[in-house]
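Both complexes shown next keep subunit A, but they swap its partner, so subunit B is in the first and subunit C is in the second.
Let's look at the complex of A and B:
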């Protein structure tokens, strides 16, 4: 098992280097000079422009810039934002807990509903329940996040007044951030009603962000279950007279989980991409909105640093998924 | 430790619950870049920093572009217009925070510090927080201000390198906000000079409490303010980037006031009995700049004829969806010096066609540049260009629409031999007509901010004279004359000024829409 883990970890290094190069090149390939974009309609003199070029280090050859960046990354320094002049690292960690909290909730929501929905659909294959679930999953999968979010806000916050419109907690509550996770901080604060307020604020963003993964997980679970349910050992189990709950829940589901876990792992990328829109609409102070703003402003250090951090997270999750495979299916780690 | 923390949070909870009734919540459109206004250029940053937290020597009177005394009680200009002496207000207190309690009142040292850090490259604060001092640079202050002297604790003299009347308005701009020199020294000593930007200390009506990035900014009333204290005890900015969501929050009572509504929502907001909608023309202008150095656009009659071919009302209806006003002058109507007497070129395609023929222009094809970004003075440049294309087609002019990425657009449109007319615009910085007329149409601005590449001596003489005169009545006359020449020469087609809408709940009293674009909450109350 340890050898298997090391071999997976070994693949991490070249991927990491590749990501630093791609994130570095990506923003530079986009047309648009950050200095000119910064100056806007106001413009600046040629002399001032040259001063800025030197100040931001753009006068050095690109390879040299990349090398400096890489050396910085190795020392844990992602540079400073051109706009806010603050270290990228600090900004990332100020915002990331909000994204993580939302993503975890969305994933729990997707798995908690998607898995049982997939199993139920597979067991009732071809029946009304199956068709209804799978059509809803298709609708969920095809739903534009932006539209879905606004629809929910207008109905549940605007018309019914059940949920707050946006933000992470009611503005009435004010306490210092300890962990960055609002659910935990609101509990720690000891303020009456703070935790409930944080939960209420999480409902709509969680549903919006979790909808696509929910649909994917439900469909994937259904097809994996169907495949497994056709296997000989299931027929044997049925012949032995095991209860359907035991067959479906224990024997079939465990083996159907492998492709499902793959999908969950891949969904982390989808979640982070979806977070960009969800965070913008719900004024959720996470890394998604931060990245989008930075791309428009051509804030090179933030885009590079942010992309790198997101890529590392996705890679780590996939590493974890690989390890999980090994645990669930010992055959894989022997390959 | 834990007990202490709980006690502290409980105290905050109590105070916030008690203060809820007297809290103004503003759903702002974005996050500030920081809290030191001199470091940045975005209006969103100024809303969160210079307006609530700081004062300047001179201030813009809220709701107008008039300059009034601020931290300076008076200012006197020498006869040659080269020296400005500011008499400072006494007894003005700076805010305090956990790490700093001021030991003295505001004085001349704070003025010297606030400007010299921007001007002097050897100043210990010049490089702090990556200081590039864009506005100080952009307004030409390093060359203009020769020296700043402390005459005594409450008198400061600025010596200029040339007479420049708009200097007075510059002193009321956000970059000229006054910071505490004592706080700066303390932070430098503590090894945290960047706190000037992240934990701001000023003299303004609100003191800074906390900022949670991209989420909330909290301020509390400055009880020691040198004017009457603010009407609300707490000011909260709830950062809400999406305009539709801001509207929903306003409806739900989660905020009291919001900027920049979606044009599509304006009608519904006006119909809503709980919402009071304020409006005013913005301090901006959107225009189409011909390249006046290229044939046939070097002929004023050709430019004039093309201007007559543009149906501005259709543009206001379609592109601005009503939230704009047709522009006849290059400066907005809220600005002093605006020439009301000028009549706009009437929309008359027939006459335009005849005029082009009389000038020997036929089968003309030209390019119209459409900006790739949305701006208050032009919410949809592509659509605007299409309307102009259709209008010009009616007078026999064939238009090709071109566009580039924003940075490219800005730099390519400056080129002297640029092919085609450019859609662009400008938002005023200091409420002075010079900031439009000299910057956008002066000879020095060619190959830079003067996209028409226009240099016309009679116009230039007037604006130079106005720059050097300190008498505002005299300046007003000169600018009015300059606008007459502009209209005859038509280097641009002036298209529109945006209309700024500010929806707020009925509980909000005393808000004034500020023509310079800032959102100011001093003097605003919640009933």
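Let's look at the complex of A and C:
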């Protein structure tokens, strides 16, 4: 098991270096001089320009620049935002809880509905339930989520007035951020109605962000269940006279879960990509919106740092999924 | 080589590949429906200027935000209503199909060509080249596709062409991995060895012997990428990083319509519906293709 973990880690290091190289190159392949962009419309004197070249290290050889960048990254130094002048690292971790909270809720939503939907479809293979569920899953899978978000806003915010259109909580409430998770912070604040407000703000973004993972999980669960239900040990369990609930729920689902867990892990990338659209539409103050805003503001250090951090998160989650997969499924480990 | 092929056993008693394919494909009713819708989409894209009642950029200043014909205040002059600038929705949607079709074709062609060549090289090259290529692909795959496309467009400048280039680059690794995996399993087989013994060169082995036998999963993936490309291009357009207004691209149309969502449902609903129906049709077709082409899933 330890050897397996080491080999996975051995693949992680070169990929990590490659990712840092790409994010390092990003600011250097941009059209135009980043320092001029930073100066904006005010322009800048020649001395100040030279000062900035030295400060940003553009006067050194490229290899040296990359090495300095890498050392900086390892120390949590991703540069400063052109716009806010705050360290990118601090900004990232100030906004990340919002994205994490939304992603976790979306994942819970997707798993809570997707798993049962897949199991029901597999058990009723070819019947009405199967066809209805799988057709809906295909629609969900094909959904342009930015349009889905707008539709939900029209119906639930516009026509019915049930949910707010944007933000994480009503402006009425103000409390210090303890964990960064609005659901927990609003409970800790003890203000009446704050928690309900946070929940109401979460509903639509959660549905929007969770839709594609929900469809993927439902489809994957169904096919994994169908495969397992054809196995000999399921026939044995049936022959022993176990109840269908016990067979489907205990014997089959447990084995069908292995590929499903991989899919759940691999959905993290999808979630982060979806967060870009979802957060932009719902003005959710997370890293997705932060990235899009920074691209439009030409705040290159933020784009560079955010790109790196997101890639590292995806890689870490993939590593975790691989290791978990090795623990659950011994066949993989011995390869 | 000529004598060799002359001695291979005749296979005339087998149904033709196309007929066999159609037999399995038509068993999946959803796939056939998807195919019909997709054909309608292609016809729409091909003959858009003939089908569209008006020019997609023509502004009818007296008919701004006119609802669809069946709703009160609508008229059959503008069956799906008009947008905030008084342009005919139906004409814009029909013209928009061209952009989506174009995006799908270009992205799939570029990504498949590049991906298959790199994948073949990776499968046949020495170990270290293979490792290097696969690590590079891993690196590209570490970035969420939409984010990487967004950043690439930020570098290249927002336009539909650059969006297509970015999406094609992001899709490449899938084809590389897929091709490499099939090449590695095909290479072991006897027919490849016999071709090599018969004196086939590396290039012939790669493109004539092995590649045709690796095509099935690539075709399925190409169909699925076609729909993902349309979705991603629309998403980039929606974020203002794809086609620029006044281009009637569906994602861009949605972005323009955003501020009117609570006043005029039709400007938001129809472009999105067009994306959904197209993508759904292609995905249905892709499922059918997989059933028909992937021998492992074929019902025997």
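Just so we're on the same page, the second predicted complex is superposed on the first by the 293 of 335 C-alpha atoms of A that agree within 3 Å, B and C clash if a C-alpha of one lies under 4 Å from a C-alpha of the other, contacts with A are read in each partner's own complex, and residues count from 1 in each chain.
The definition used in the following text is that contacts are C-beta pairs under 8 Å (C-beta built on N, C-alpha and C of every residue); 3 or more make two chains touch, one makes a residue touch a chain.
Keep in mind it's a predicted model, so treat the numbers as computed, not measured.
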Examine A:270 and indicate which partner it touches, taking first as subunit B and second as subunit C; both and neither are also allowed. second
Touching partner for A:147 - first (subunit B), second (subunit C), both, neither: second
First (subunit B), second (subunit C), both or neither: which does A:15 touch? second
Please indicate which partner A:36 is in contact with in the superposed arrangement: first for subunit B, second for subunit C, both, or neither. first
Contacts for A:189 in the overlay, against subunit B (first) and subunit C (second): which applies, first, second, both or neither? first
Touch test for A:158: subunit B only (first), subunit C only (second), both, or neither? both
One more residue to check, A:174. First (subunit B), second (subunit C), both or neither? first
Answer with first, second, both or neither: which of subunit B and subunit C does A:295 touch in the superposed model? second
Pick one for A:69: touches subunit B only (first), subunit C only (second), both, or neither. neither
Taking the contacts subunit A makes with subunit B in one complex and with subunit C in the other, which residues are shared? 30-31, 150, 153-154, 158, 280
Flag every residue of subunit C that touches subunit A in the complex, lowest number first. 30, 135-136, 138-139, 142-148, 150-151, 154-155, 157, 227, 231, 234-235, 238-241, 251, 254, 258, 261-262, 265, 268-269, 271-273, 275-276, 279-280, 283-284, 287
Complex interface listing, subunit A residues touching subunit C: 11, 14-15, 18-19, 22, 26, 29-31, 135, 138-139, 141-144, 146-148, 150-151, 153-154, 158, 269-270, 272-274, 276-277, 280, 291-292, 295-296, 303, 307, 310-312, 314-315, 318
In the complex, the residues of subunit B that touch subunit A are 5-6, 8-10, 12-13, 16-17, 20, 23, 25, 30-31, 33-34, 39, 41, 129-130, 132, 134, 137-138, 194, 197-198, 210, 212-216, 218, 236, 238-242, 244-245, 248-249, 251-252, 254, 404-408, 410-411, 414, 424-427, 448-449
Can you list the residues on subunit A that touch subunit B in the complex? 30-34, 36-45, 48, 52, 55, 80, 82-86, 91, 94-95, 98, 150, 153-154, 157-158, 161, 164-168, 171-177, 188-191, 280-283, 285-286, 289-290, 293, 298
